[in-house]
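Next up, some structures in structure tokens.
Next come two complexes built around chain A: one with chain B, the other with chain C.
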Partner chain A sequence: MDRKTKIFIFLFLLPAVVGLGLYAYYFSGWNLSISMTNARSLIFPAEFIGLGNYERFLGDSVFITVVKNTAIFTVLFMGGTLLLGLLLAILIDQGIKGEGLYKVIILIPMAMPMVISGVLWSWMFSPRMGVINSLLRVLHLDFLTQPWITSTSQALLCVIIAYIWVFTGFVALLYLANIRSLPNEQSESARVDGASKFQLYWRVIIPQLRPATVMAFAVLFLNSLVAFDLVWTLTMGGPAGSSELLGTLMYKQTFQWNYFGYGAAIAQIMFIISMVVMVPYLYRSIRRR
Partner chain B sequence: MSKVTLNGLTKRFGKVEAVKNVTLKIRDGEFVALLGPSGCGKTTILRCIAGLEKPDEGDIYIGDKMVTRLSPPDRNVSMVFQSYALYPHMTAFDNIAFPLWIRKRPRDEIREKVKKTAEILEISEFLNRKPGELSGGQCQRVALGRAIIRNPAVFLLDEPLANLDAKLRISARGELKRLQKQLGATMIFVTHDQVEAMTMAERIAVMNNGVIEQFGSTDEIYQQPANMFVSGFIGTPAMNLIKCSLVERGGSISLILDTNTLPVPDSIGRALIEKIKSSDMVFGIRPEDISIHEKNKPNSYKTKVYVVEPLGNEKLVTVEMGNTYSKVRTRLDFKQEIGENAWVDFDWNRAYFFDKRTGKVIMHGLNKSANRR
Partner chain C sequence: MVIIRRFILYFILIIFALFMLFPIYSMVTTAFKTMPEIVGSRLTPPTQLYLGAFKEAFDSIGRPLLNSVIITVPSALIGTFLGSITGYVFSKFRFWGSDALFILIVLGMYIPAQAVLLPVVKFSANVGIFNTYLGLILPMIAFSIPSATLFFRNFYMNVPTEMIESARVDGCGIPGIYRRIILPLSGITFAVSVMINFTWIWNSFLWGLVLTQGPAVQPVMVAVNNLHGTYVAMWNVQMAGSLMAALPMVVIYAYFGKYITRGVLAQRK
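And now, the complex of A and B:
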């Protein structure tokens, strides 16, 4: 590349870098500074209290619940979405008719505003009027009806199912693109050599889906850390904190109870976790190529 | 090992008829080449035999068993793809072991067989490397290894040497031929390189436009081409094909090439006249069956040197006769340069005559000797 090209590239990248820099670094810094105050609004001056908010959070009774819920959420949501997405991709890869249509349909949940998905799923999960329980009653399977989002033991699961539903199509398309990018002759060769469909996918195709997995992992992980909208519309973190996640807790502390400093500290912790996991992860997966 | 029979095989892709009513009988343990220009349907035939393509008409037999409707795993064939289709995430060892691995053979047996296969192919040192860390030639041998590790009824090889560099390709030809003999396997390989087909195969099926123009031994294909297509495809350089017509004047028979008149030896002329329906035909003669002289000789024809290509141990001269150009192989000490005159005469016993319309061979000087054999 000659000098001129380099300068051009630099100039074209500049606005994006400046914008991103301002957004990512300036506001992150601002959030960090607020997190070390006892601010109860964004306007009135506040007192510097160092790491007080962080200490308070670690000692807070909801801390354990939130950490536990976030861990369960992350593992089940990511595992479920990756698995379902992969299965869906393999299903579509079988050369079904109307593939284009399916690709559009499975992307709809992702394209829909999360709040609307939340409302849809609250119709599904509502214990008395909800679609699922009504259907079970119609089928005379009343004994299978569940309290769903009103139960402390099932609320988090309902939230996870809704999140899986939103992201599965996206992950499926990532996997499908990856599968389709593999040379057709590899699967043909495997078939001639006697491999069954299962062996073909298990031995030949799935081991080569690393690029899509890396990509999906990054997107899903970040989304599970910042999960908020769907949780809020479905359960608001309840009942009794049983589906409380970092996102909902931060929102409540900041905007419902006006503990801006405390909320900022929770946001800061979310930021740190995502950096600790994502930076080495992205670095390694980019380096690998 | 098994024989392979194709019976009236036809394969269409939409409106394109890639393979048209092909019938081919390949013997048990035979090494056969499918030779033809790009797009003539070679790969399609191979894929039909492997079961990767469903024929529209016709049947395929492997051994005595009809396999037309069987799926690839049930046909017991091995295929080496042009791209090799190695699995990039597996080592060479695992690639070779794959067919046994999916058959759930015991580990010891797999290790034993991979070791033996690697020895045959001389790739024992590379077994721990992945395809990305192997050269083209090594990849090709790994792909061959994956094909020979089990005992299939037939081996199908799609341009197995096409991805190798020129030098490696020549040595690989010999190795592949030895390997085939060693295994005593029925092997069908696809190539568009006639030298490769001639040097390796026992019999060659010359294809064009989805049909087999001729199926025969290398000698037959070379010495008794069935038609103009085959004669124009085989040989380096291929046979000269010159449009001409036959005339009989005052008891002597001549060929008219453009404006030149060439008297033809009586025995050949008489035989020709008996066989032809129209006087228009195509005269074929190989570059090595034309002699070229710097000076006029009785019964030779004046031409102009168009281009001279020295090949190290001989020269390839293109001469201009009226509007046609012919290639001539000659000694290195041939002196004439571009634009100078040269005189040629033909070895009539090695001349071929083709029907201009159908392209079919009418007669060739070798007919007599072929009969005597």
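And now, the complex of A and C:
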């Protein structure tokens, strides 16, 4: 490689290296250092308190709530979306009329900005005027009306339903693409052997859907880890912390109550979880290419 | 038997479609209703096209809509361009540490926004770009680079190396090769990458929430959230505002729908 080439490589990489070096790496390092202080202001210097904020978080009563909410949210949202997405993909794969249009329809929720999905679902779930309760009343199913987002026992469920709404069509299309890319021979021979449709999917096709599952898992996991926009517009983590997740708690602690060090520690925990899960995924997907 | 099966199949598919479309239907119909009409019925379509809610919502989100355009367009374009030159280098050159550097750049898209938010606010305040367009454009560009780099690198890997070699023999330098060969080949890829970046930047909320104060620079998603907070019982205003803020996505989606799926794979912050 000659000198000129080296110089141009350097120049071509410079903006990316500087931009990400600053905004991604320098700042996440800075965040780590803030997380070890008791900072409560942007101006005044703070004291170094080591892992004090992390200890405080582990002992905080909200910790149990957030862990519980995150566990319920992640399992139900990811499980629900993967199952419904897979079901939908298999149904579409049966050869339906208007497949193109149908694919467009199920992808619409994904095209909506998350903030707007949050506003939409708060309209759906509003207990007095809201659309779902109105629908139930019109159908004379008044006994089924619920307090939805105003209830501490249902708010998290509302967030989960909205999230499933956003991602199901997208996951279905991932699975559908995977199903369509499978070689025909195995399905053919299974059919010749007299396998029923159910057996065909259960034994032959579903076991080969690992690529779509891994990809969907990565996208859904990352989205549930950093969940904020939709949760904020739908419930703000409430009522009474009943739908509090890491993202909403971090925002409140940092930007509403000015516990900068504490908020930074929560953000740092999100960073670590993301890296632990995503680095192996990234490594695998790059190596395979 | 077959007919019953088909019937059940279409029945379930229609249920799914209703689930997906119902909130959208409700947004569009509610936006065109007067409040008394909404109190009368939430489910029926509007009896007349009432535009008052749009006017009211526009008073609050008109300026933020413009702000979002000012922030999103340059960020999406510059982010795509930088991703393209970075991806080009990683697709055609190997040097000491190139794999590690590539992974570090792509890894940027898995850093939660929350993990850099507070330092970005501090830094922006320190250098005087807090509550300015630039203060939002810079992080948007930076966080567009990882997915765009990955996207372009995978695309350029398929550009035959012989083509580049022959150009080099003809005396083209790296910028010449990029401009004369790589760039002309990337038309649709470029457009898709711009749209992908446009989508996530337009939709992003948290950045605007912490990096702006007041409506002067505020992006539209923050304004919609505020509308949601101030017009609490005025659902027609909320829905009209949501509809206007979602409109660019509808347009992009109509043209680039199938690519958005890929974009989401690459990044959603």
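Simple rule for what comes next: the second predicted complex is superposed on the first by the 247 of 289 C-alpha atoms of A that agree within 3 Å, B and C clash if a C-alpha of one lies under 4 Å from a C-alpha of the other, contacts with A are read in each partner's own complex, and residues count from 1 in each chain.
Methods note: a residue touches a chain if its C-beta (ideal position, glycine included) is under 8 Å from a C-beta of that chain, and two chains touch if they have at least 3 such contacts.
Quick caveat: nothing in here was measured; it's all calculated off a predicted structure.
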Touched partner set for A:264, first chain B, second chain C, both or neither: second
Which of chain B and chain C A:138 touches, first, second, both or neither: second
Broader residue contact with chain A after superposition on the shared chain, chain B or chain C: C
Partner chain in contact with A:58 - chain B first, chain C second, else both or neither: neither
Touching partner for A:183 - first (chain B), second (chain C), both, neither: first
Which superposed partner A:240 touches (first chain B, second chain C, both, neither): neither
Chain B versus chain C as contact partner of A:276, first or second or both or neither: neither
First, second, both or neither for A:71, with chain B first and chain C second: neither
Contacts of A:193 with chain B and chain C, given as first, second, both or neither: first
Partner chain(s) touched by A:204 [first = chain B, second = chain C, both, neither]: first
Parts of chain B lying in touch with chain A, wherever the complex brings them together: 50-52, 71-73, 75, 77-79, 81, 83, 85-90, 98-99, 101-103, 146, 150
Chain A-touching residues of chain C, taken from the complex the two chains share: 9-10, 12-13, 16-17, 19-24, 26-27, 30, 38-39, 41-43, 82-83, 85-86, 88-89, 93, 95, 101-108, 110-123, 125, 138-139, 141-143, 145-146, 149, 154, 157, 173-175, 178, 202-203, 205-206, 209-210, 221, 224-225, 228, 233, 235, 238-239, 242, 245-246, 249-250, 252-253, 257, 260-261, 264-265, 268-269
In the complex with chain C, residue positions of chain A that touch it: 1, 4-6, 8-9, 12-13, 15-17, 19-20, 22-28, 30-31, 34, 42, 84, 88, 91-92, 94, 96, 102, 104-124, 126, 129-131, 134-135, 138, 165, 168-170, 173-174, 215, 219, 222-223, 225-226, 228-229, 232-233, 246-247, 250-251, 254-255, 260, 263-264, 266-268, 270-271, 274-275, 278-279, 282-283, 286, 289
Chain B-touching residues of chain A, taken from the complex the two chains share: 183, 185-186, 188-196, 199, 203-204, 207-208
